[in-house]
Amino acid sequence: MSMKKNYVVETIRKAQMMDMLEKGKRLDGRALDEPRKLTIETGIIQKANGSARVSLGNSQVIAGVKIATGVPFPDTPDKGLLVVNAEILPLASPYAEPGPPSEEAIELARVVDRGIRESEMVDLTKLCLVEGKSVVTTFVDCNIMNVDGNLFDATSYAVVAALRTSKMKKYKVEGDKAVSTDEVVPVPIERTPISVTMARLGGAVIVDPDAEEEAMMDMRITITTDDDGNICASQKGEASTISPELVLKAADTSIQVGRAIRSQMVEATR
Amino acid sequence: METEKKLMDEDGNRLDGRKWNQLRPIRLEVGVVKNADGSAHIEWGKNKITAAVYGPKEVHPKHQVLPDRALLRSRYHMAPFSVDERKNPAPSRREIEISKVIREALEPAVVVEDYPRTAIEVWVEVLQSDGGSRVAGITAASLALADAGINMRDLVVGCSCGLLGEHVVADLDDTEDKEGNGDMPVAIMPTKGLVTLLQVDGIYTRENFQKAFELAIEKGKEVYAMQREALTKRFFSSDLTSGPIEEEAA
Amino acid sequence: MSMKKNYVVETIRKAQMMDMLEKGKRLDGRALDEPRKLTIETGIIQKANGSARVSLGNSQVIAGVKIATGVPFPDTPDKGLLVVNAEILPLASPYAEPGPPSEEAIELARVVDRGIRESEMVDLTKLCLVEGKSVVTTFVDCNIMNVDGNLFDATSYAVVAALRTSKMKKYKVEGDKAVSTDEVVPVPIERTPISVTMARLGGAVIVDPDAEEEAMMDMRITITTDDDGNICASQKGEASTISPELVLKAADTSIQVGRAIRSQMVEATR
Amino acid sequence: METEKKLMDEDGNRLDGRKWNQLRPIRLEVGVVKNADGSAHIEWGKNKITAAVYGPKEVHPKHQVLPDRALLRSRYHMAPFSVDERKNPAPSRREIEISKVIREALEPAVVVEDYPRTAIEVWVEVLQSDGGSRVAGITAASLALADAGINMRDLVVGCSCGLLGEHVVADLDDTEDKEGNGDMPVAIMPTKGLVTLLQVDGIYTRENFQKAFELAIEKGKEVYAMQREALTKRFFSSDLTSGPIEEEAA
Amino acid sequence: MSMKKNYVVETIRKAQMMDMLEKGKRLDGRALDEPRKLTIETGIIQKANGSARVSLGNSQVIAGVKIATGVPFPDTPDKGLLVVNAEILPLASPYAEPGPPSEEAIELARVVDRGIRESEMVDLTKLCLVEGKSVVTTFVDCNIMNVDGNLFDATSYAVVAALRTSKMKKYKVEGDKAVSTDEVVPVPIERTPISVTMARLGGAVIVDPDAEEEAMMDMRITITTDDDGNICASQKGEASTISPELVLKAADTSIQVGRAIRSQMVEATR
Amino acid sequence: METEKKLMDEDGNRLDGRKWNQLRPIRLEVGVVKNADGSAHIEWGKNKITAAVYGPKEVHPKHQVLPDRALLRSRYHMAPFSVDERKNPAPSRREIEISKVIREALEPAVVVEDYPRTAIEVWVEVLQSDGGSRVAGITAASLALADAGINMRDLVVGCSCGLLGEHVVADLDDTEDKEGNGDMPVAIMPTKGLVTLLQVDGIYTRENFQKAFELAIEKGKEVYAMQREALTKRFFSSDLTSGPIEEEAA
């Protein structure tokens, strides 16, 4: 069962929220296009190649990167592998349960994965060691530690921060084999994709909905943009419609809001 | 750009000879699964997809009952023989995600509040997969819902547009999806002009994003005309054939 | 839960059916030993090495063949692999459910598999490339598209038709390795096994029961015969008994009915 | 035929010295599992199989309750150490199918209508596997049902016959099953003369089919005599030993 | 659901048991520190490399050993593998159910495994064939055939008896490969660990509880000792406390009771 | 003994410079998971573990309800990135066993009879794993229970002792656990002086067994002082920070 559906907002609070939204305000005082406070800590898991703990308001995610060597997919023999997984831990919410990943967690991981992959953040061709035989595999596992809405962005930021600060062994090729050296190098980062999620409540469109707002939203859209203001991934969510005009407006909002977040991200992960 | 050259020649012709804004051939047939309350089969490029609807029916397990509306269920599933390398029949993470977005793309068009405490099941089976299988599946599934006599606000129809190099093109096939530079599946409720599914892959300038998105909506409306025709054929034809579309060679 | 048990036949219809059976007739006008109309289409899935859509009355099955190379089983190092799977799709029946294969689907796949395998339809020794190391693997996956009784025969016919029309790459052996060539050859077909399923309702024995008849049958027996009238597989079904005399009579019926179906099969898959 | 020569010599002797129509040694013991309502252990050739019955008992989950009769459950399971290569303990497709046919072979003999709304569970564990393990399992399971005091119309007993080359032989062992030319497990209700399980593998002429089938019935009746003896021993012996059959060497 | 929790003891029987325990006696006449009758049979499964059927009172376990070659774990390249699994068969108890191993069965297998492993019963370094590449793998699978309390000890004894009587092929190393010879040798056994389980009921501590006693116990402790009276494994069980004094007393009891059982074990498995 | 030499030098110093009876650095913080009814984070050596408690809450599925007390649930889970080689996120047999012993170690301290017909859930997530993670997890989990306001008879606190060669030492780290000669995790209710978890690995003389066991209890009491301090800080601090312990470098 989706966590959104389980979250209960009291009637009086709902009325209050809708009232304020009509006036362009939100319950916590934010402007409609204002994301919550973002905190980025990196290097928190020493056993990982890279890691980050990101708090977006009260939503908190820890991402850890593990790098090893593996075999490439047959249809991309010259590319390393990048795999993003997410688990919504039972400790993160009264509505989360232990067990295999829910439909919700799978969508979360795949949307975050696409944002990273499609932006070409990591140059996967540089992770090829011996074409068709040996490549660098990069697992990014995300532990959702506290659920308070907009896991898409919080998780995406954690992955970006963890990857930007990841270190891996340098490999050299001997004949047909890749051998690790003692030298340590960063993961080849090319871009910094930033995901921005918007929600519609009644007539208003807000950036970075918290759990209370998500419980009342009727539409969600996540748009990821890159350093040049290109759009590299999007996912519309919820059983609802969106007008074409709103999609284009959301793209503009994402580009604009993403810019400030990208600056903070780059600053925090230099 | 090298990729672009391969996938589109200097005259703007694509590998299969289509122009940038041209759809692949589409054939639709409604009422192909005997047991189902509603069904449809679509062949779109090399996609061959059958969708069937059962419901409104009792909800099991009971704790999933929604007191004020129908519970919409969906499954997008690929036959093991539908792709180049045999696919394990167990649902992949991709299939689980697509099942979810398909459900969310269809539900706005279904008058779920007319069927409280029931389940409506939408099963989409990809028999052969080509680019754009999720929008083809949605297109067939909304026909199956209509065929089942479920109250609908509109049909739902989809089209996927994308990039070959920097060129926006309509309706990517498998090769263009894999070797091209972006894929953007869009589903719409055509008479309402509203979007119910949007996913984006690739790197689009703001301009190309808008161009591809608007092209997807425009081409979706083209497919909608075929949907209506297929429904008409179903309900006004006295000569209902039993199987899906007959093969030329058969 | 078995689909048969869920299928409900109205009381009046039951009485009617039993009445007619006593007179040697069936509700749909068929003779007791008359199978329903069989339609065979092949080559319907271009991405498969072979495929067929078979309708037996309103039961419909699509079989697709996928051929690749693999490693032989240790106890049959000189034989290729042939694996038959079946899924009763949820779209095929109001009583089918998504999920891992039911006991019913597993029995179906295994009975069909045995009919193909035991008849030596495919010469598996010709699918050995390098003994103990490399063989041709042949997966036949069956999608049950509509359930209206006697899935055993419908599925078996789909598999036979798909295999009879399958094409595979020719392989040549270079040292210890099998390498595929551009030449395309048929799968080595030796025989054409035909499965015939019979059911007992009250005192009558009928060929090719439909769903309504299956819901009322108390015994089922499937017998597969080959081109020479040999019996190569059988499976008795349902929690019920069968007399020895009836088994022998069923064998004769299967040989006889199978002959006509085999002609149609050979004709449709030349 | 080469295979034939190896598995049977010119005098019609099989590898283990048996004649064509001869059974392997069989030992049966009833009442071997202390906790069970009924149980039996069979050693047939190298097969070592224990069957136990629990019930009639409450049905869980409740939606599986049958209002007019008992729900018969069964599981045929092979111990990981029961075969030459260690077997994964999770049930294979083969075990799932055999569980089903065993249940269908036993149920006709159980007066299930005497126990409405209950479950009767039959657990068959193969500790060591040889040819004919399913018929051996059925033979032990029907003894376990009788031992549990479940009302029965008859016992059920099985035997498997088959082909070495063109020769019909009784009761194939592992080697004959794998290298021979056909296997035909048959289970019967012996006093009624009715068949409850029939499976056929191999290529039989019509004549050989009949010969093998009739031989299986005949040999099944031979095993039935042993079943009766084992039951008698159970109910009239004052010296019930606690474990299964003792090993010679133990 | 744990089998212990399902086992029902009648009130009058409970009172009787507690009465007798106060007097230092048990319902079946045993002294508090007296295990039930132990029967050990070996070599019962000819297809296994070693096997044993052990009865401890009415608890019965069959263990079978399967030996093959495999690849060592990366962190122990010079050691063979030893894996203990246990299944509480549905035939063994009205409370056992078919399906993947329960929490209870997993704990059972792991506690038994640790007793064997930590005592260094089998010299795993002697099971290394080619360091880092090829080792002997030893699977010990335990079938619980009848549940009447204290499965820990019954299962452990079955594993010890099966291993002590196991035979394996001798391997010789040719270049980088291990090749099996025709010679048969015993598994390299160094010690004979004996597990002794104690339970607390009210104020009394008893050795080898049966199912009835387990249903009433509030604490369980298993201690495994080796031939020299060393303690090599322990596991406290149940949601309950134990005083430090009782732990030490239990260690002494285990050493003492284990000595007699070890003699019987060695005798039965020579 | 060779191993001993490596792990402890002639002066009795361990690889990380600790004396035989010295604990690794421990930091505790209570109230770190916003949504939880109670939570705590522990850093013990390289262990980084967060525990959260939800409850008392309704029991699902209902048949698990205990009429006279709370149902205590627990899960010990390791993040895929918590160990040197990436761990599959599905629970391993080791995690399943530890989940059980953690539950049994905590339950004696919880006044479960105060909360009949409810569930209390204890989730322990190992973010980074080092030696002694289960006792660290128990230590954090009992703080989380207290933080949730659940009635407790005592806290539960753990420490693991073990052997380097023949030397008893306190609080093994990862290397000492893997290359040392024994590990003995012990959990206690410190004010009651009672043991709630005991597991032993290795070969201990009777004397060393007692020495290690008593050392574990003694060191557990040392950790208990830190537990109390962390609780005090939680309830008397007006400056509650939102995240877990801040990193030096952050």
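Each chain gets a letter, A, B, C, D, E and F, in the order it is written, and its residues are counted from 1.
Throughout what follows, contacts are C-beta pairs under 8 Å (C-beta built on N, C-alpha and C of every residue); 3 or more make two chains touch, one makes a residue touch a chain.
Given the structure is predicted, the values throughout are model-derived calculations rather than measurements.
Any chain touching chain A that also touches chain D would appear here, but none does. Path length between chain C and chain D in the touching-chain graph (shortest route): 1. Each step here moves to a touching chain, and the least such steps from chain B to chain D number 2. When chain centres are set by their Cα atoms, the one at the greatest distance from chain C is F. Here the CA centre of chain D is 31 Å from the CA centre of chain E. Centroid to centroid, with C-alpha atoms defining each point, chain B and chain F lie 52 Å apart. Centroids of chain A and chain C (each the mean of its C-alpha atoms) stand 48 Å apart.
Taken residue by residue, chain C touches two or more other chains at no position, since every residue touches fewer. Touching two or more other chains at once are residues 85 of chain B. Neighbouring chains touch in a ring; in the direction leading from chain A to chain B, they appear as A, B, C, D, E, F.
Those residues of chain A that touch chain B in the complex are listed here as 74-75, 103, 106-107, 109-110, 114, 118-120, 221, 223, 226, 229-244, 247-248, 251-252, 255. Residues 33-36, 39, 46, 48, 50-52, 54, 57, 75, 77, 79-86, 89-90, 121, 123, 125, 127-129, 242-244, 246-247, 249-250 of chain D are the ones that touch chain E when the two sit in their complex. Residues 72, 85, 93-94, 96-97, 99-101, 103-104, 107-108, 178, 182, 184, 189, 192-206, 209-210, 213-214, 217 of chain F touch chain E in their complex. Chain E meets chain D in the complex at residues 39, 41-48, 51, 53, 55, 58, 60, 62, 64-66, 68, 85, 87, 89-94, 98, 100, 139, 141, 143, 145-148.
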